[in-house]
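Below you'll find the structures, each written out as structure tokens.
Same chain, two partners: subunit A is paired with subunit B first, then with subunit C.
Take a look at the complex of A and B:
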């Protein structure tokens, strides 16, 4: 056997694949464990043989970046091995994602919880940017949550590096609702600011519990954005009317964020506004965001272990033995989720957060 | 440079740096292991048949690899690939032959595969058809068949730090050192270009497997302009810094490597290549007797494993209810093993 093949077999033996837990566009994900320690892992199996151009670009990007990035708030790639013509990524196992948590109506978010998630997101993002890596697909579904509450940036299938300033890139990245206006206008010279816009949208969504700028088409996305934040003037954003896909969208007045985010503190709104600045060069950087007054003001960020968890996570936190044979069907999960009615959780968590009145309709909806 | 600490966390720094001695010993042991295996295959096919074979030496293998490294810039020129692609493909080819030998895998197709993979990993993808259609006597399967092996040999570590990037960083630094002459970038552009040529020449050598990208960039700059190189070094290290004498020695070694790196003589390589036809691993030659025998053996083992698994599934019952529901195909939706 070749040395390369032998090394691969050694690696493969370290990991045991258990049941399938999910399926993405180009991969099937299994729950598994490390044979020697029983540590729980996720094994993402990417089929290679099916692409006429060989190894798929998303898989290549994901492996390339995760191989290099090691940070508490970035999902850890533990190993890579191949089996026949499949590529297997061994990832740390993460129980849930921020989208699940936002959607779980039984959970109440305190301002301190939101601050904690935002701090972890910015820490992970600052690390990516420091490594010259743009994520380009930040959204709640790609912010995974570990059993200890740590938030991890995942899904680097669209990431790329930007060390070459002014290098042309495609504008067709980032799921629409989290896409900044410069991309919607077809700008091909963009940078870290695109990720910061997405984080701004996530920040707003954490407070609103519903997507902040939910456009129905690319054009509607611009309209929704401008309706919420006002149509940019030449002074707000010099040169934007010269962007390749610029079209006049209509004149919408600027309404103070305060009108929608009625209960948010001044610091909160200031940071949010700085993430959603139209002119990409004036948008706050992840690094500066981390030293923003918001993170130093009261209330302090919740400890990750104290953050709200959804039912699936509570189940997942049980020891492995108790789970065998259950997670695949998801029967236990569904059961538990039903049991935890909104009343249950408001009893255990303070209701202060309810004073944040986010029941007003979202713009554009 | 701001990048340095990050570079030190990279897979390149951790897994792809060697001393000249360790490089030599890696290559020697790969070579002798391959010779032993191939000799054995010859012997089991026909006792005594290996004694007449003259196997390649590690240096001859390297010569062949170097020739194919030198073809990468030509292909990149043809396809108008950016420098990043070229440099990355060269690194992949070198790294591949630190895990494999030329006697198992001929560098021609490995080179083509490394280049194709590099277009993707640097985010400059091109369709496989457009790629192979433009390369004589090459079909998509020549690349597809090897792509996975190449990726695997690289340990799926696709990110590469390059000296030409580091040179650009040094060049930017030089424009911002205190009292740097204005317009230096334009008035000294020829120096930058000359330094870049030295960086490119270094790709034919082992420099990147031994030294850091910044060291190679600085050595290249010092060949184009010793003054600018000293100026940059002085702005980074105080004159009495303990790292200065060491740096000078390092730079001198790199310069020597660059100066001695030439494209191998085609006639010499041709002779090696002719001998390679006689000593390459028959198990890797598609269609040969040994290849078919190995394939049959692999398939027999796989079948045995499948049978065993199926037997276990029926005797123990499936602990995970719904998996059985899929019928025979559902026993193992995990088709790898």
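Take a look at the complex of A and C:
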């Protein structure tokens, strides 16, 4: 037995796998615990054998990026080990997600609660962005809620690093309802603004308690977006007509957000509007959002422990979607498949071969 | 290669035309499958609207020359030599045993006539041949070969044989080849047939399972509705009973009380705490917030670490000598800008990494 194998067995012994809590297309999730401390964890076993060309893309991405990120508002990858032919990711155990909370009609949100969730989301996102990582699949069911109320960003299956000059990225990312117009128009060069748009949609959803821009197809998504926020003019968004998949959608008038969000304060609407600016470079950054007046105004954001929680905690804890996104019927599946576009797949694979050394994670400074 | 394999097994493969490359968009719009059948109408259709037997108003029997106009019930069947004739001709010619085809003189039997599925008999023939080839002998899979190359050669051979059969090139030699192959690979063929059957069986089972689950859900829903209806009925009767007993002293009060009780019952049935409308829930939430004074809400702190403390340790220049990003920076049409891309981010990343030492 060589040293690597020995280290691996040691790691494996550290964790105990309990019952299975769910299964997705590329992973099985088990509830587990740390052998020495009995701390609850989730163990995600990645099925390796079935993919002809090695590991599933999203598994690679998840390991690659989560090993670098350690933050209060980002799900923590505790360990990675292999058993037989499988790869196992040991993740923090979280019992609920924001989608469940939004859908639970017996819960009432105070403005302070929404502020608290938004602050935690932006903190997590700012941390990803400062480490040059785009999440690219933000939506309520990827925002997990820990038992102490902390919100954590999860599912890095579509994440990638950005800010390298001139690499094309795929525009087939982000669940449709949370996808910004520049991606719907097929832009291959984009940046952090895509995640901020998603957060804007989540912000609106927290207030409305129903998805804000729910399009039925990519085309309809653009129409829905423009109907809600007005069709962008060349002045609002210079150059958007030159984007690869640009199609004229029709003219919709701009309606003030106030008409829909009747109970929101001026600060709230200002931040929401800044998250949903058409021109990506004018959209607020996660860093600027954190210093926005909304977060400093009264009421103070609720303390995480006081945030509303689902009374009946979901039995299939660690719902599958958040862990692999693949379970969401066919939609996301198609997304993932699309992802293996040549533009970045080869690149990621070669990098990971180097990174998968199973040493202690070095938190991105 | 995969395409060819599907073809062999008689499945249809729709090829992507070049204009259809951006599939993500086109897939959302419904595609119209226009076949000759949808254009020319005719034929027997199964419940799903698929044509199972082709026929047309212009059908005419080549033997007796009768047509749809003269004979309303005219039905043409296809012989094993792919010639059409009407049922009455078939009866007339072949009832007394095998007889030569009136068109090509091949000896035919009455039972070997089949209904026509496709308008083009060439297609009919090709499909029959391909089905026969794929089902009876040539059903090897890619796993059965040492290398992809071997598999491709094999597919090439199969295609040759199929071509010969379709176009009647060297029919005797080809048949001999098939027979020889079948003899040599009998075991494997059988195994592959079994594999295929097992696969189909598993598909069917999954379908069945799904159907059962669906039924179960529908049943559940129906039961719930029934219950609700019953509860409503009961409530109404209850109000009437009470009104009778109350002797009309305070009718509206009785009705109100009964209604409130009913709402409570309904709420408990639905699993919501009784007597809690949205307003009540909000009040409870506010009270709970005030009660837990142990944890105070604290003002927002934007950044909880020292990351941006580095910011005064460097200044970004407005432009750098950077060959890698030259093409991107040109961006005459403003596409990068419209998509939200900044070259400056790449530079900032490099500078920050250098300063922070990550």
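As a convention for this text, the second predicted complex is superposed on the first by the 308 of 365 C-alpha atoms of A that agree within 3 Å, B and C clash if a C-alpha of one lies under 4 Å from a C-alpha of the other, contacts with A are read in each partner's own complex, and residues count from 1 in each chain.
Keep this in mind: contacts are C-beta pairs under 8 Å (C-beta built on N, C-alpha and C of every residue); 3 or more make two chains touch, one makes a residue touch a chain.
Small disclaimer: the values here were computed from a predicted structure and weren't measured.
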Message: Between subunit B and subunit C, whom does A:106 touch in the aligned arrangement: first, second, both, or neither?
response: second
- prompt: First (subunit B), second (subunit C), both or neither: which does A:305 touch?
  reply: second
- line: The chain contacting more residues of subunit A, comparing subunit B with subunit C, is C
- request: Identify the partner contact of A:296: answer first if only subunit B is touched, second if only subunit C is, both if each is, neither if none is.
  value: second
- prompt: Which of the two partners, first being subunit B and second being subunit C, lies in contact with A:4: first, second, both, or neither?
  reply: first
Message: Contact-wise, after the overlay, does A:240 reach subunit B, subunit C, both or neither (first, second, both, neither)?
response: second
Field: Which of subunit B and subunit C A:217 touches, first, second, both or neither
entry: second
Task: Would you sort A:130 into first (subunit B), second (subunit C), both or neither based on which partner it touches?
output: both
- prompt: With the two structures laid over each other on chain A, which partner does A:283 touch: subunit B (first), subunit C (second), both, or neither?
  reply: second
- request: Applying the touch criterion given at the start, work out whether A:270 contacts subunit B, subunit C, both or neither, answering first, second, both or neither.
  value: neither
- prompt: Which parts of subunit A are in contact with subunit B and also with subunit C?
  reply: 130, 132, 163-164
Message: Applying the document's contact rule, which stretches of subunit B touch subunit A when the two form their complex?
response: 3, 6, 9-11, 30, 33, 84, 99-100, 104, 116-117, 120-121, 123, 125, 127-129, 140, 143-144, 147-149, 151-153, 155-159, 165, 319-323, 333-337
- line: The answer for subunit A against subunit C in the complex is residues 72, 105-108, 110, 112, 115, 119, 123, 126, 130, 132, 162-166, 172, 182, 187-194, 217-219, 237-240, 242-245, 279-281, 283, 290-291, 295-296, 299-303, 305-306, 308, 334, 338, 364-365
Query: What residues on subunit A touch subunit B, complex-wise?
result: 2-4, 8, 17, 19-20, 30, 45, 48, 52-55, 57, 60-61, 63-65, 67-68, 70, 80, 82-88, 130-132, 160-161, 163-164, 324-325, 328-329
Task: Write out the stretch or stretches of subunit C touching subunit A in their complex.
output: 22, 24-25, 28-29, 272-273, 276, 278, 281-282, 285-286, 288-289, 292, 295-300, 302-304, 307, 322, 324-325, 327-328, 333-343, 345-346, 348-349, 356-358
